[in-house]
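Right after this note come the structures.
Both complexes below contain chain A, partnered by chain B and then by chain C.
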Partner chain A sequence: MAERTPTIDAIDHVPADALGPRLAGELATGARFVMLVGLDERSVGGDGLAVEAVAARPDGSLARLRAAVPLDAASYPSVTPLVPAAHWDEREARDLLGIVPVGHPDPRRLVLHERWPRGYHPLRKDVPAGVRPPEGERRFVPFEVHGEGVYQLPVGPIHAGVIEPGHFRFSAMGERVLHLDARLFFVHRGLEKLAEGRALGAAAPLVERACGVCGVTHGLAYAQAVEMLTGTGVPPRARWARVLLAELERLYNHVGDLGNICAGIGFTSGVSRLGWLKERLLRANDALTGHRYLAGIVVPGGLAFELDPAGLAALPSTLEAVGPELAAAVRAVVRSEGVMSRLHGTGVVPAETAAALGALGVSARATGLRVDLRHDAPYAAYDELEVGVVTAAAGDVAARFHVRAQEAQASLRLLAEVLGRMPAGPVTVPLATVPEPGASALGAAEGPRGASWLWLRAGDGGTIDRLRLRSASFANWPVVAAAVPGNLVPDFPLINKSFELCYACTDR
Partner chain B sequence: MPLDVFDRILRPLRRGTVTSRYPDAGPDLPPAARGIPELDVDRCDATAACVDACPTGAIRVAGSTWSLDVGACILCGACARACPPGAIRIGGRIELAVRDREDLLVVRALRRTP
Partner chain C sequence: MTAPGPIHPDELGAGRRLRRAIDRTLGRSLHVRHLDAGSCNGCDWEIAALLNPYHDLQRLGIDVVASPRHADLLLVTGTMTRNLEDAARRTYEAMPEPRLVVAVGACAIAGGVFAGSYAGRDGIGEVLPVDVLVPGCPPRPEALIHGLLVAVGRMAPWRGSEGGRAGHPGRPGEAGRPGEAPPAEDASGPGDGVPGR
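On to the complex of A and B.
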């Protein structure tokens, strides 16, 4: 099959009050919400701010709707009332760029907690990087349910297990949760500000380290955005190796996450078996790339280095051994009535809720939504492979368990095929051109938790003017909050683990 | 499910021991594993290509010393790939914990200077 020539989708400049209706119109004709990104135009010849809403159409093209927002009256009509999936994106743009979505249902801070001073918007171009702002004074106001017999249960941000920081505020009646307010962004590191001004192709170490466990996915989204902006075609071996790396990432995550679901109910033999299998896969990653979590190899233009020959030679036998062990471990879970009674009917997300909130990945497919970028908009070498999209209907913890188990086996099949078909040749090319300042493009890849999207704009002299990474975890956290009400408080760890989202790449 | 019972007994027996003796024995890393960069001062020609290649600014060459801040190193291996004479080796040194922050600074005296 011929290599697809990447083309940058045209930007449609729209009046601010048309942004919501136009975006909703795209979604009504089958497009899916991708992201809304806030922009400061002053570094690329403009005189104000802007917001751009992006949706992916069924034919693979992108609708890019950009509305100018004046600097002295930085507001526009919120799109969230029409497109709920944009709710966090709009709150983020308000915090980081001071662009106010008028009519947004949740006026609270999201990314910048209340101790950040008022009026301080770090992604504006006149705000220097690396400066510690004075501390603000405001207090966090949780969203709580009040009434007779309703009590509040605050959990976190520091948790008993060594996990990432997040504050969960349960409003509960007895043991039943009425509402969950999830407060994240405790580890907002300003990665996007840090990327600005760097050479266009030099941000891979930053982007892939947005989190520890989806580095290949984030790195691919970034590399593909750079390659599109610079008109760079990646050599065939690198395209196939990228599939290999992406599927290895999916496999070790899914295997580990199946084990984590077992941990959520104290089924320790499942935790041990699946944990051991994950460890074997991590060691195979290390032998192949020198890094257990596959960091440092995916870069714009191809791969930073060739796969290790010994690691590559040993991979087939490892994967052949993992397949039956994984099947046996999953069988032991599925045939345990005590386990499955906890998974069935717990943490149910209806398909309509998942669609409205823009759920991605396993979270979406477990409700029956058939979304998978590998199939919908193939990249790397996926256009030459048959990716069977796995779905389940129930939307509960059991459905998310089954989807992961089947996708892990599908990854093993894909890996075997890729190992057999990987062409020889170089793995990297130099970036072909230096894009015009102001040129922008998006890249995307389907990771273990769903699609990562990266929006990238070039500045002067082949630098990064603006970069935004919207991880699948960012998209899916509101789905977790929607899955919990009606369940028992002690089932929250299980529900949370059935999504197994990342905090770090949400917070960035 | 009687077959299941056999599977649960026989599979672990066939599998044997899956844990290792670490830390009593070595971590048994594959050859490709990336630890911290180690400089061979006899081969270093002080071109400082490693300084430019390092994405985090962890490496410095000042006068006749080469220094690496292990606290800033992300073990990416870019320095070793960029070094013209191949004087930097990414070995298997992964045990990096120290008691004080300044102990994370590795300083080597260069034989040749720029």
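On to the complex of A and C.
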């Protein structure tokens, strides 16, 4: 249980036209795309803009390739033609920082819709925070497939259920979808700009609210980035408690998501049984932390407070009861031929597509890709635990159902082990140092929907200069769009629920 | 640990009071429409939890409906982002009168952790006329039921010609006047979870 001293990976400064080839080279030798982040260097002594592409190498180190982008031209050769996974990252940097990826296959706006004025790039350092720009008037140009017998079906942004807003435009022939254009960022709340200027360790309430149900994951990614920047080692009890919290988050999400797949085909007994189990888990969270969704406890330096002793004492018996009930509920689904016939062969994603688009989490593992940060680059106390990575081969809704069901049981086993092995001691330490302005680091955690990555740079006097959160949902949305063509329009809700991505995580 | 029973809201008495209020004003039915106006999804999951077998909102005569045209009450979450403002206004305008708006959570009330952002408003009150505020981040399901109770208790009985809600005591403003913020006493109510009562 020795504390590891994390090292920050060096930044490789490359010419802008070498960014794509260098990044593609890293991926060709086994690295995985992490993110591309747009930067304004003027607050840390530079005179222009920059983009940094990050990839995770198999040995656990990061390739960080940074290219300077002059302020007046504000463009660079797009990396998306070589690395499709960077598709949305580049569009986002163009909207928020005005850095144009020349040669990008989809030059439409992504984050700032038609009510935003031209030339407004909120993450530029000369744009003041908290000032709402004037209204813009632009037109939304959907991507549609046209031809004889092809019709367009627009859905959303406001949907019929209690779900988040997004606009989906199906180009369909009869009942079959030819193309799906997913338009998101309706719940873009400007989280990253709000973080700028805060004390380095004080953004947890904001970052965990990127998403109401992935808060522990994002909070961990953030806390670990801060701890790396400040050289802070977290006490053993906090590292184990972080695993406990992360697995509780995975568990209630997976249980709820299994229920949502049932809802996607109207299998109401499954919805009720799994909804009931999820509620029990939320109540256990509440007893443990005072918050049903575990917000407010993970902070840089450890935990904000000790776990509630009564909640902790009651947890083992709750989890022991949930295990068999979950297994029985899943069995009832799997044994229903009518249900499984809807899940098999629906929303298929081939492994090559998932890999090219940079799929993460369940979406990737259900195609056979073995990616799980808990195993690949262990953090908290995962290096002392055996995380069996669950995969399936078919890449369809059924595969995503099975992976979730098995991972939920694996979480229950991990939780039992953590409860038995959690050391005593303090749960927090002060941040060790104040980093130099301009120092930057990344943090990551494997959440219910996959890996969440947070890029963080220090500003003057221990403040946040720039923070970017790339959630697994952000990575996986293009995979959903790729899973839908060839399926029936009425199967879209089922396919969508089998990914169960958060819009809030994506849009921030 | 014994599992909490499925009749939880009734134990608080809130469920039964809500049911009586609905009986009185709407002849047993209250149709609720959810609107995410830029939330983190936390408030929305708690609204969804109202439909699970623990809270089973439908057994109280309340249904969450698919279209605003069928709704008496709009449960709004989120800060009111710029990207959603048009859709939010149109959702409200599609509702028949009388209609109620409940602001759910810190974001909908005053922007929550996102207050002061370039990306939207500091609460839905800048765009929609708000009747009831339900604080929390997110509010617990029990608080949401309590908020619905307050909303229904303040809705004048539907009696033909008398109709509407004009002149009903304690109303922050006339129905259908978008852009009106809730009055100060609503925003600084006592600590009982639902101000303005």
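Just so it is clear, the second predicted complex is superposed on the first by the 506 of 508 C-alpha atoms of A that agree within 3 Å, B and C clash if a C-alpha of one lies under 4 Å from a C-alpha of the other, contacts with A are read in each partner's own complex, and residues count from 1 in each chain.
Convention: contacts are C-beta pairs under 8 Å (C-beta built on N, C-alpha and C of every residue); 3 or more make two chains touch, one makes a residue touch a chain.
Note that the structure is predicted; figures quoted are calculated from it, not measured.
Shared-chain residue A:I163: touches chain C; no touch with chain B. In the superposition on chain A, contact of A:W276 is made with both chain B and chain C.
In the superposition on chain A, contact of A:F305 is made with chain B only, not with chain C. Touch criterion met: A:P205 reaches chain B and chain C at once. After overlaying the two complexes on the shared chain, residue contacts for A:L288 are found with chain B alone; chain C is out of touch. Looking at the shared chain after the overlay, A:G420 reaches neither chain B nor chain C. In the superposition on chain A, contact of A:A504 is made with chain C only, not with chain B.
When the two complexes are overlaid on their common chain A, residue A:K193 makes contact with chain C while staying clear of chain B. Touched residues of chain A, counted separately for chain B and chain C, are more numerous for C. Look at A:R115: by the touch rule set out above, it reaches chain C but stays clear of chain B. When the two complexes are laid over each other on chain A, chain A has residues 205, 209, 276, 283, 295 in contact with both chain B and chain C. Those residues of chain A whose C-beta lies close enough to touch chain C in the complex are 112-113, 115-116, 122, 127, 129-133, 157-158, 160-165, 185-191, 193-194, 205-206, 209-213, 215, 272, 275-276, 278-280, 282-283, 292-293, 295, 314, 317-318, 321, 502-505.
Remark: chain C residues 1, 3-4, 6, 34-36, 38-49, 51-55, 64, 66-68, 78-79, 81-87, 91, 112-114, 116-120, 137-138, 140 touch chain A in the complex.
Residues 1, 4, 7-8, 11, 18, 29-34, 55-56, 74-78, 81, 90 of chain B are the ones that touch chain A when the two sit in their complex.
Interface residues of chain A facing chain B in the complex, by the touch rule stated above, are 202, 205, 209, 276, 283, 286-291, 295-296, 304-305, 308, 310-311, 325, 328, 331-332, 335.
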